[in-house]
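Down below are the structures I want you to see.
Below, chain A partners chain B and then partners chain C, in two separate complexes.
So, the complex of A and B:
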């Protein structure tokens, strides 16, 4: 922190607006928390029931699923790739979980989650192999697998539906249970985000993701196994989407062929709002999770202030576009400051 | 440069002349595509005795008309190294606007014009964000994909608007008199000729290829990179507006989710047509053949009683295959080089061990 302050002293002379821009860039999480407070505060003044326990629990639970997915998507985007197939992976994993319970009602819980993670990881392997071995853009590959996986899900599920009655109580309880008022889903997401945040800061492999995203060529020259790391990122993203599928089923308690349609866009929106650079190389899992929370809070707030929920998708899209534009403008403001600093150091 | 999701490409470690090998690959690709088309037609004929009848041509063309129209400007955009994923949402939103205006008493022709104009505005918004703010087109158009569809949903949440004049909605039922072709494919035919001439025989077309091959170099060669890209996005918006009008008239109704997911088909056509996702390469002719392949495939699969959901598996796989196959040669070369260098290393190590 002292080093940072010292650095800012040298920069401070050049322009204070640059310093503000840099502050925004560095403390993105703080900005999101501020936005959250504003949204919650404003909506609560309008309607005090917004902060009721049930509503908060609901928002937290729904946000948890997006936050889980956002962890995987963050890792992929940091490596300068994108995974559009997560919504479909979530859907097929949720349906597989439901089917498993339908046919074997007494499966142990751990095995169910293991299966969900395994299914997701398998699709992650497919994405990862195509992206890294054949070296085609992840955008195209995952756009294709988005529809392929959804199609497989549709062919499998047909018009069937797995209902709450087919699911054991212990499983459903994950979806609605709480500890001291905090929903289980929220706890799952917080633990997952905690682990991911620690891992992304500490492990060398995780730092490689950032290096690859900053400059793939430089990363390769520095001896980082770029292909293996990008592959790993996709497998992780798939595995987390698989896990999210089981969690999704426990929350919604019924699943058909269209579970999780369009989630990829919500998740990318959350990730980008959370300050993960769409160009790769920077961003945190915590930011992405907070972005998911903000997005869901806004969705809920819209309903409370009587804006038709049909507009929520438009809001999400608008937020996504503005977040990207905002990041870009900030980056443009910060660039001269960084340049000055480099010169000062030399 | 929007290189999100683009893996770094190693320089192909080969001593062949690049120009010749590229041409070589290219010729093979179009022939491959024609073979695929032949196979699809044979499959269709096998599935249904009506497939090869001339009336079926109408349905094949009708199914792909709008998608084909949207694929033309996207071809140019992909050649410049950008992408537009918002095409289907633009189609949906422009269709909704046309229907809403018509419902509120506008005559149909001005409403149709307004829809195309809205397409221009939506395309210009994409183009502005990409060229003036400097954002990657992938991120921008994923955002506007959600945004435009969301606005359509906000305007027309649950209803379906219909009641357009029957002399216009009959384009979904009746072919152009004296032919077996629907109107949408006639639009496509005319536009395809215009696009082909512009892309392959004008300075503008050469500039588009130059931007895709190396945007920095193109800029220093005096090409207005940003301006061209901006107008390509506007063009894409306008064509999607046209497609939105045709789509709504063909189904005689507009809904907010009209054509959702069509971006899969449009992108598939462009990449199947041999346009390189890395930019700088592609032909309108290839895209036209790809339109034929997809049209025949869709109709054949429907004749085979495959549900639309399952057809997405086929189309999605086709999309992935159409980026894997052109890279297959590259993959083979890399593997060979790696094997050879590994063998050389072993050899050297053995020699060293011997000398010690």
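So, the complex of A and C:
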């Protein structure tokens, strides 16, 4: 009789703590939206020009580039890997786009974007092959390609700079144009995040990414082609970074050898704040994109309230650490309940 | 074997499997029939798990035949076994914690609609349908993370049903289940049987075997002992068949005159792991912690040594209470722990042999915070000699040693600290007979010198041969304590399988 009572008690405890954990995990995207509202609200009270159309458009455009990169990074991280080379890929793709226009001013827009995506995908292939065939940890591989690609970029660009005057207006317009007040870049990012969110829910290949990150060994046993999927994740990440390079050039309208330096860390920070587990298996593209928006909003807010931009880095770092600590807290909260559950028999 | 009029769905004949020098399976035989639950029992190390892994395609047998529907089959990997309609439900299932229950059931086999999109609605509906067939309630939409072991097993069974498995192997499925969950599982096993599935049910618990099996196979020391219909067997006869070896092994047990109590464990409890564990070890005494794998023996040892915390109870050394969760304090009062897994926990495999031996004694070896190479070597050489360690060079990495010598190196590491209490977890697992005898001799000598020895062992002859007293655990509780004279394999086995003695 007591045994039964104890059993019931532990069942109740484990399921209720699970419910809390699940709520908190779902809460993540809501939590970011809430944080956004707080940051925007607080800053606006201090300085009402924070919500001016120009400023909102600027924040949205800058966040869009990080959000785009975050889509690819999310896919890679979900498979329990990481892609550190995206900043360099963005840089070389942006420079290549600029050079293309420099030498062939009348090249069609579609071809330009195709080239940017192609360059990125090619570097993704390199990363993917080394990770899946040579079986070097992606952290090391992409740290290496980060420097190699940046080196190639530097050697190619030298001290040169491609600036707005060398770029056709049709291209520059992508960077500054708006529809009903919404910048083109924002629309590009929203459409891309929408497509990626749908795809990540709907296709077997995408669910395979989650399974691989959740338990690589079990994924292999379940007959998932783990190598091919991880390879694909890197190619996608590279292709998206390539695309982001062309988008980046349209926004900043000039490019030299240091375009996109350090972007990989901004992106990973956004992805993790957005609730993507750093060891893979869970998280959404939408969360990562919201994370990017939150980071950029905070950066801009700190400038508006006259805080040195150095603090914005400290802020981003603090946010990142608290996001990870939060995940850990949930895990710790759930574990004892499970342990009790296992041996509730008397 | 009994003559059958129908053909078995799956059978294994004279299967053999070695791992290095260890003969895990010498003669594995099993015949599984449709609509029948077949029980497989045996002591720890009898070869049950190896047999299951051969059926699962995880191991390839070195000899023998696997026959599927009357035709010989070879499984190179788990995938082929699954494709042949065999599903294994392991004791601790491997699900994807981040995917939903429905996704886990259909992983890589999701139903599709137009444009190769996953048909989520159909997936959930079918998952719900499977659970209905099994007569249980599990929400297909919830994440697998945090599911109880019992529910995880259900997901695995549902997975087996989607794959149209005909043979379902359950490897000690009840080991981690609560009473009500076991009953639910039994209901499901009956359903599977009624559907015409062949079920292989591996369990330590004889009462369960007698409750749901129609046929039983007993294994011992990697060999098939008997297969009989359940009506022809009794608990007694099964235990006799499981144990049934001669007590011929000679153990160099030195008779000792135990001194005062050194280690006193009182009502020690770690919630959900072990409960109310009490025993004493006197100076000069060897006390064995016996029980089946998973009974909580290693966990008790880890708690005493301070690796895991305990929630209630006390541990005293010479009457002085220990703090929970402090290996530093445990070592300071003279406890040594030789862990079960010497590769992962006992040795730093890439360190040299001398470093490993001196590792727990650095406070004696070091001078002013530095470790003189010469002193370390001298120290290690001394202990290597005393234990007759066989090595190439002391500077070679520890992985160059054979299994038995690795174990001796771990022992050397702890003996060098001159412990007052030595806890040894499965001290002779996987080592050759000669070294085994040496380890036994060492333990006896230690006890004779006044060390209190707590020995965890799954080998009954070792327990009976070495221990002055035997404490038996079953599912985290002490079921019986035996003095050397009153212990027998039979009685220990009963206590270890939770059979309550009717007036001892």
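Criterion: the second predicted complex is superposed on the first by the 312 of 346 C-alpha atoms of A that agree within 3 Å, B and C clash if a C-alpha of one lies under 4 Å from a C-alpha of the other, contacts with A are read in each partner's own complex, and residues count from 1 in each chain.
Throughout what follows, contacts are C-beta pairs under 8 Å (C-beta built on N, C-alpha and C of every residue); 3 or more make two chains touch, one makes a residue touch a chain.
Source: prediction; values computed, not measured.
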| item | value |
| --- | --- |
| Chain B versus chain C, judged by how many residues of chain A each one touches | B |
| Which of chain B and chain C A:138 touches, first, second, both or neither | first |
| First, second, both or neither for A:281, with chain B first and chain C second | second |
| First, second, both or neither for A:186, with chain B first and chain C second | neither |
| Chain B versus chain C as contact partner of A:207, first or second or both or neither | second |
| Partner chain(s) touched by A:217 [first = chain B, second = chain C, both, neither] | both |
| Partner chain(s) touched by A:91 [first = chain B, second = chain C, both, neither] | neither |
| Chain B versus chain C as contact partner of A:269, first or second or both or neither | first |
| On chain A, positions contacted by chain B and by chain C | 217 |
| Complex interface listing, chain A residues touching chain C | 3-4, 7, 11, 14, 18, 21-22, 201-204, 207-208, 210-211, 213-215, 217-219, 221-224, 277, 281-282, 334, 336-346 |
| Touching residues on chain A, where the partner in the complex is chain B | 80-82, 130-141, 143-148, 150-152, 154-155, 216-217, 220, 226, 230, 257, 265, 268-269, 272, 278-280, 308, 310-318, 320-321, 324-325, 328-329 |
| Complex contact set, residues of chain B against chain A | 3-9, 83, 85, 129, 133-136, 138-140, 142-151, 153-154, 157-158, 261, 263-264, 267-268, 271, 277-278, 307, 309-317, 319-320, 323-324, 327-328, 330-331 |
| In the complex with chain A, residue positions of chain C that touch it | 78-79, 82, 94-99, 103, 107-108, 110, 112, 116-118, 120, 142-143, 145-146, 148-149, 176-180, 271-273, 475-476 |
